[in-house]
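Quick one: the structure is below, questions incoming.
We just call them A, B and C in the order they show up, numbering each chain from 1.
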Amino acid sequence: MVTVNERTEMHRALEAILLVADEPVTPNLLAQLLEIPAVRVEELCTELADSYEVAGHGFVLARVGGGYRFQTAPDLAPYVERFVLEGQSARLSAAAMETLAIVAYKQPLSRAQVAAIRGVNVDGVMRTLQQRGYIEEVARDPGPGQAVLFGTTRQFLEKLGLDSLDDLPSLGDFVPGADMVEAMEMGLRLTVDDEPATAPEAGGDDAPPSA
Amino acid sequence: MVTVNERTEMHRALEAILLVADEPVTPNLLAQLLEIPAVRVEELCTELADSYEVAGHGFVLARVGGGYRFQTAPDLAPYVERFVLEGQSARLSAAAMETLAIVAYKQPLSRAQVAAIRGVNVDGVMRTLQQRGYIEEVARDPGPGQAVLFGTTRQFLEKLGLDSLDDLPSLGDFVPGADMVEAMEMGLRLTVDDEPATAPEAGGDDAPPSA
Amino acid sequence: MPYEVQTAVFEGPFDLLLHLIMREQVDLYEVSLSTIVDAYLAELDRMQAAEGQLDLDVATEFLLIAATLIELKARRLLPGRDDLELDEEFSLWEERDLLVARLLQCKTFKDAARVLAHLGDEAGRSFPRLAGPEEHFLAVTPDLLAGVTPAQLKAAFLKAVAPKPVPKVDIRHLHMVKANVSDAVAELIDELPRIGRISFRRLTESLVERLEVVVRFLALLELFKQGLVDLEQALAFGDIDVVWLGYERAEADLAMAGIDAYDG
């Protein structure tokens, strides 16, 4: 475990990055961000995890899905469940709502296209929406990238009391602005090129959290 | 601060709840969930925050926007920014910032009132601020025009790292001092008692004010 | 007097005046008001050159301040005018004090804004955790779409696709968004059904700028043309009464959907 004296800049940086991540972060990506070997990342993370356990925190550092993430200590689940039931999580966040709205009105479209319109990474939000059964994979882009295309589900329509997508409120005279057209095109281009130049890794797993 | 031995079930429950929260959680909600007085929640949170600081973690427990939340330690911003690619929201222009300051200190007030203070039309700026979630419609003027009145949002507090509007720096601190007032009055002086009406150059008597 | 008009773009007449006074602060006696007026006229020229045309809304504001300054200047050039009415004299002082008060206000918020921006920068170095509950808690999470209406979904979509601000670092720019007749129409359709009948004077009481009043008037003419309101004027030059003809909000929106949006 790490005592106060041994807590290094690298430990602290790992804590900070993992705090803002909304899905497990692979040792490879962490290694890249901290510019240290992946093996060293694994050592540091193990030290952190041990230190949390010894200190008896309400959170743990877990190794799941090929990466590390903060999660709640299992014995505290009753408290977390109460919060989830009564607290703020009982409604769709503004980010999730916007993402869902884009999928609803623009379907079918790829994750990259949604991200381009929203201007932020949407992987986490899209996954939540999918888990909740509001959106689903409906097709594959016939283009080279063969990106998965998403659309809304039957359940989504039922929850909103709509008969079909035609019943969505009309956008009226809404004309997409130049920036949106560009965003859509950029989304397509990202799909085709398969990897945005700036992203750390092509895979969705290591993407930054959505704001 | 809390040592390992003193870390109670309540401390741990708070850590778990705050870990899954996606916006600041009010002491009242926490008190309700833990079935303890809100005052006690505040004590416990302060203890946790202090303990993190002493231990030198990469995260901090901050009090912002009327509640508690986990956030990254400011000095680790370079690492986090590398990870959170979309990162920083665009900074506000000076014009937008001044408009925001007026709304913050004078709320609630109408667009026309802001414009009157700024001396320019503020519709565009106000719309931007509204879109970005810094200000919102909070009421309607009871008068005949029923103008929409604006105020700042909780997100505004979060963006500025403030707990409540009471934490805004006092406006009094910014009111120009007497020397400035004098300078302005001199700049716009009406009388010419101490200045020859015809001479553009100032005489010895007309020494500049000590501003 | 060697004097270069700033290349900076000024946010408004107070901004410019404040800049001029602050800049000359050390040597105020050397600054003649005519220099300031010259700077105003130069700024108007610059605006006209930059925009291709003069924005009347902004130009009026600048001219108003410039006129006030000229009046103050004239007063200085003509000292001891015995025939100056006391009222006139007072009103001149009042004008000056008003101007100083507005300048002080402008300066106050300018400084406050700088501190707020600093706070924002500091706070921006900390990133909040937004991950939410782990997936195994999803089972107990209530239905997230409960209470969400299709209209809210539409609003969220429009918000999502609204133009994003272009990132910029502290570049001052002039906001000259014009008052817009279609916006005014929308406001009136919102307000009038609740009020029923109101005089134009009262309807525009809260508006500060003349252009806004003009735009409201044009908006009323549009509503009149579409048969949504009646306009009554009992006496020549008397108050104009606006009467909402009792249509539902939705009908009104529909009727106005087709009108041309043109700038006031």
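What we mean here is this: a residue touches a chain if its C-beta (ideal position, glycine included) is under 8 Å from a C-beta of that chain, and two chains touch if they have at least 3 such contacts.
Note that this is a predicted model, so its numbers are computed, not measured.
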{"item": "Identifier of the chain whose CA centre is least distant from the whole-structure CA centre", "value": "B"}
{"item": "Distance-maximising chain from subunit B - centres being C-alpha averages", "value": "A"}
{"item": "Rounded Å distance between subunit B and subunit C, as computed from the means of their C-alpha atoms", "value": "22"}
{"item": "Between subunit A and subunit C, centroid-to-centroid distance (C-alpha), Å", "value": "40"}
{"item": "Subunit A and subunit B: spacing of chain centres that average the CA atoms, whole Å", "value": "29"}
{"item": "Where subunit B touches two or more other chains at once, by residue number", "value": "19-23, 59, 70-73, 80, 84"}
{"item": "Set of subunit C residues in contact with two or more other chains", "value": "127-134, 137, 159, 164"}
{"item": "Interfacial residue positions of subunit A with respect to subunit B in the complex", "value": "4, 7, 11-17, 19-21, 25, 33-34, 54-59, 70-73, 76, 79-80, 82-84, 86-89, 93, 119-121, 198-200, 208-209, 211"}
{"item": "Touch list for subunit C against partner subunit A, complex", "value": "127-135, 137-138, 140-154, 156-161, 163-164, 257"}
{"item": "Residues of subunit C touching subunit B in the complex", "value": "1, 11-15, 20-21, 24-33, 36, 57-58, 61, 65, 69, 72, 75-77, 79, 92-93, 96, 99-100, 102-117, 119-134, 137, 159, 162, 164-179, 191, 194-195, 198, 202-209, 212"}
{"item": "Subunit C-touching residues of subunit B, taken from the complex the two chains share", "value": "19-23, 59-60, 62, 64, 69-75, 77, 80, 84, 88, 90-95, 97-98, 100-102, 104-105, 110, 112-113, 115-125, 127-128, 131-132, 141, 143-147, 158-162, 168-169, 171, 174-176, 180-181, 183-193, 195, 197, 200-202, 206-209, 211"}
